[in-house]
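In the two assemblies presented below, chain A is common to both, partnered first by chain B and then by chain C.
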Partner chain A sequence: MSLATALKANDVTQLPSKRDEDWKWTDLRGLLRVLPPPSEPFAGEAPVGPFASLANLPIHVVNASDPFVIRSASVEPYVVALHFAALGGGSHSASAQVEVADGGHLILLESYEGDGADYVANLDLKITVGAKARLERIVLAADGAEGVSVSIAEVTLGAEAQFAQTVLTDGARRQRIETRVAHPGAGAAVRLDGAYLLAGKRHADLTTVVEHLGVDGTTSQLTKGVVRDQSRGVFQGRIVVAEGADRTDARMGHHALILSDKAEVDAKPELLIFADDVQCAHGNTIGAFDQDALFYAQQRGMPEEVARALLTEAFVGEVIDRIEHEGAREAARLWAAKGLGL
Partner chain B sequence: MAAVKQTVEHVESLEKYKHGFVTDIEQDFAPKGLSPDIVRFISAKKNEPAWMLEYRLDAYERWLAMDEPEWAKVYFPRIDYQDSYYYAAPKEKVGPASLDEVDPDILATYAKLGIPLREQEVLAGVKGAPRYAVDAVFDSVSVVTTFKKELAEAGVIFCSMSEAIREHPELVKKYLSSVVPVSDNYYACLNAAVFSDGSFVYVPPGVRCPMELSTYFRINAENSGQFERTLIIADKGSYVSYLEGCTAPMRDENQLHAAVVELIILDDAEIKYSTVQNWYPGDPETGKGGIYNFVTKRADCRGDRAKVSWTQVETGSAITWKYPSCILRGESSVGEFYSIAITNGRQQADTGTKMIHLGANTRSRIISKGISAGRSSNTYRGLVSAHPKAKGARNFTQCDSLLIGKTCAAHTVPYVEARNGQCVFEHEATTTKLSEDQLFYAMQRGLSQEEAVQLLVNGFVKDVLQELPMEFAVEAQKLVAISLEGSVG
Partner chain C sequence: MLSISNLHAEIDGKAILKGLTLDVPAGEVHAIMGPNGAGKSTLSYVLTGRQGYEVSEGTATLDGEDLLSLDPSERAARGVFLSFQYPLEIPGVPALTFIRTAMNAQRKARGEAEITAPAFLKLARATAASLKIDFEMLKRALNVGFSGGEKKRMEIFQMAMLSPRFLILDETDSGLDIDALKIVADGVNAMRSPERAMLVITHYQRLLDYIKPDRVHVLADGRIAESGGPELAHELEREGYDKYARAA
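Let's look at the complex of A and B:
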């Protein structure tokens, strides 16, 4: 059950629905009665995306593309900007492979863009990070308000590899950004962050699965979200520690602010542990503004609006501060300021 | 030092599952299998009115159309529902008029289990010893209910379910299945069709129940399932504390226990429901036998400022599938869930709670402590949700899991759904093994490894144990010790 197989077979019954445990809060079957036809090849000037100027290699795809491969063996940080634009209606499918050779260092700046059309977009990424290699992946998703978009990245890590990811999104009509990480190699380090700022009737689903299959792995995960109006934020995080994956240290945090009475946040932070020599924890908080902090700021002479904006910025800022690539961090800061109306 | 001494004493009294004996008494069985005729047979055996038979047959029809749930992290061969007895009762000519007429073998069984069925024995005990009324359910029927007279003076109705159907049909009709609908889930629906007995409690407005109420469930017969149904109603401003304990003989085949518990709490009332579950867990080496404990428990806080508190100590059962839940409907109502779930050997537990916040300013608290040892698996699964109208809802959840050994598993699967901007939900969970430093410290002070583990485990579960009524807390602490026997070294 996936959007990819449904699009391939042109069969709506293969869409994941709320009856599928992993999709219970992001129902595609109930939303899409028919699947739009595959999009026509795009003719015109293609947008290059927000990260093009930061990259050694900018790549852009409009609507659909044939599968392609990005391979990097550079030991020095090498920056690839990968921009996917959905322009016009129809269904768009794209898939790519990213391979970082042993000891390599790649920075992948990924961005999505959608116009106002009611498109259905699916992106499949397969990422392999070699032994002692590093990959930092930033995803900046700016889908259209009527778009339905699913992006699934499968990441496999070699021994002592480092993988850091930050997903920033303002949602879509229905959007899912899923990352599945497996580290069979020993000593791999994973950072998986995310932030969602939703308004209107937008929906964003950040789903992650981390499988610790080797020893001495670490995972640090922090996701923050702000929902307003009638929007809906979904966070599903699963950490699996397989039998024998000893000395794993995994931490997961998800914190969301609900700023309207009609907004909704659903969260499922899961720990599945099959080994005993582990340290695993998760924390999850969902709620309204901290009235004490708000009062404190106002009492220091700040108008309420400014106090709210400042507190929200600081709330989301914690995720953005963890981005290592400086240019991407600045872009993320601008994105947050814009999203929060600062 | 007192706690250490107590622990040492408990470790000394460690033994294998001690309730695994069988009582040889003459039993009345319904024929094996399940059909409308069996449902009619059970209903007739209990001299039930026509409306009850109709209710059962309707449930049976619905059950046929349902599928067994498969989402829990428990694995077992498919159950053949036609290969079980749905009714087994100790044989008796006429209903016992007093305790003296109850089969002495049954009384001996309960005495072995340490249940003070005879009031005089309780009264003859230490002066000022806590007294509690007991309803004892043996396989399919309630054999005796104690302290009825004294409770009746306070206006409290405490009797077996079949008696309530006969004597208080208006209350049963009004509340039965009003919290757990007939077709709520597969096992609850099966229970509605074939339930044989259970306890019924009604506490009238403004009454504080003068003593703890308690039910002991015992599965004795071979190849039989136990399906009891408990219904407790706390009317406005009342209070009742209810305890439940369960045991079963050691057998090689699996036996099904599919109970339904419904609690109804009206304005300003409170129910405290405590369970010490010690069904036979099956053979720790082979995983053979043991009880399948598929239970639906739900409380409905219908009134404003109503409060319900679930406390459970789950040590037995081959498989536990159980989620005592709270529907917080009344304004400012409160739900609490305190749980210790221990799995050892080849046990599997998937247990947790649901806190459904519907009313404004409702509050809930979840403290769950899971301990897995041996080759067992222990899952916490819980839901906290706030309806758009539940302004000011608050929840705090803490789930801690402790792993003892390399081959066990501990999972945490919480669901959180917040549907308004004025609720605050907090959740934290940890999974770790016993701290080497703490173990070393305890052992260096002269405790053996097993004693040291016991001490640390007692500390780990203390938050929950202290929520149990006094007489259960001691029993529960002992159980924790027994359940973890042989899990280290």
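Let's look at the complex of A and C:
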């Protein structure tokens, strides 16, 4: 059951539904009674996305694309901007492979955009990070309010590889950004972060699965969300430590602010530990604004809206501060300021 | 300066202040002492406009202007500052950013220009030095992981930076050792001026050895039970609050 297979077979019954435990909060079958026809080929000038100017290699795709491969062996940080636009409605799928050779260093600045039309977009990425290689992946998802979009990345790491990811999203009509990491242990380090800022009726689902398969691996995960109006945020984080994957150090945090009575956050942090000697922890908080902190800031002279903006920006800022690539970090800051109406 | 008349306030329908009348003229320091539960902190929150404190009767004015109809930030912009008994931790916001945002918001409310970055930093460095605060600490998230004493010192730092006209110190001595208490008291005393007034709320007389009040008031059961000179604080230290509890 996946959006990719449903689109391929043009069969709505193959869509993930709330009967699938992992999709119960992001039901596509219940949402889509029919699949829209394939997107028309795009004729105009293709948008290059927010990261093109930061990249050594900018790539942009409108709607569907044939599978393609990005390979990098550069030892110096090499920046690829990968922009996917969904324009003019319809349904489409894209897939790509990203390979970082042993010892290589790649920065993947990925972005999505959608226009006002109804669309259904699927993206499948297969990412391989070689031994002692580094990949920092930033995903800036700016889907349309009427778009339905699913992006699934499967990541495989070599020994002593470093994989760092930050997903930034303001959601869509329904949106899921999923990352699955096969973690070899072996000195490899994973950072999996995310931030969602949702308003209107938007929905965003950040799902991650990390499987620690060998000894001596680390994972650090921090996701923060702010939901307003009638929006809905979903966080599903699963860390599995396989039998024998000793000396694993895995930490997961998810913290959400709910700023309206009708907004909703569903969170499922899971640690499944089958090894004996591990350090694992998770923290999950979901709540309203801290009224005491708000009053404190107001007492110092900040009008309520200034105080709220400062405190919310700081809340999300903790995720953004962890982005290593400076240009991407600044873009993320602007994104957050805009999303919070600053 | 501050004039409170027949003030009644309640929380969740429970009356806490029951007809409090008090005048603090410019240039003076008044101490409010009283047993736990007398309404000391409530008074500070009612004056600063905290949500949940309902004023049912009476007035509070600063230089003739009604305070109670203003929102908390407007009161701050007019110069009302409360040093919190339990200062809040503000994760993710460096102390300097927090104070600068507050300062510029106050200036904007008063129709003044924003302070420039160099002028702000110069003022912050000088103020930090006078309060023996490590400047590096001001780059850290405000109060996060600070000790009780450091938090109180940060309150005084903010007070000195924002330069308010009417200062309310709520149990500023709690959690301070004697050295920190002296530094804090020096910081407060440096702000005494003919244009400013202060309300020092404290349970113990100790703080008043360092911040000498012009007048001392006993708050018991929601109103001023007795007023006197500085000697009243010593009397309370000796005899306790029992007689007010009985009278209430």
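Simple rule for what comes next: the second predicted complex is superposed on the first by the 341 of 342 C-alpha atoms of A that agree within 3 Å, B and C clash if a C-alpha of one lies under 4 Å from a C-alpha of the other, contacts with A are read in each partner's own complex, and residues count from 1 in each chain.
By our rule, contacts are C-beta pairs under 8 Å (C-beta built on N, C-alpha and C of every residue); 3 or more make two chains touch, one makes a residue touch a chain.
Because the structure is predicted, anything quoted here is derived from the model rather than measured.
> Does the superposition put A:D276 against chain B (first), chain C (second), both, or neither?
A:D276 sits against chain B, while chain C stays out of touch.
> Look at A:D66 in the shared chain and tell me whether it touches chain B only, chain C only, both, or neither; answer first, second, both or neither.
After superposing on A, A:D66 lies clear of both chain B and chain C.
> Name the chain, either chain B or chain C, that contacts more residues of chain A.
Counted on chain A, the partner with more touching residues turns out to be B.
> Mind pulling up the chain C residues that touch chain A in the complex?
Within the complex, chain C touches chain A at residues 48-51, 71-73, 75-77, 81-82, 84, 87-93, 97-99, 101-103, 105-106, 109, 141, 158, 162.
> Given the complex with chain C, which residues does chain A contribute to the contact?
290-293, 295-304, 306-307, 310-311, 313-315, 317-318
> Quick check: in the complex, which residue numbers of chain B touch chain A?
These residues of chain B touch chain A: 71, 388, 391, 401, 403-433.
> Would you pull the chain A residues touching chain B in the complex into a rising list?
For chain A paired with chain B, touching residues are 21, 243-244, 256, 258-288.
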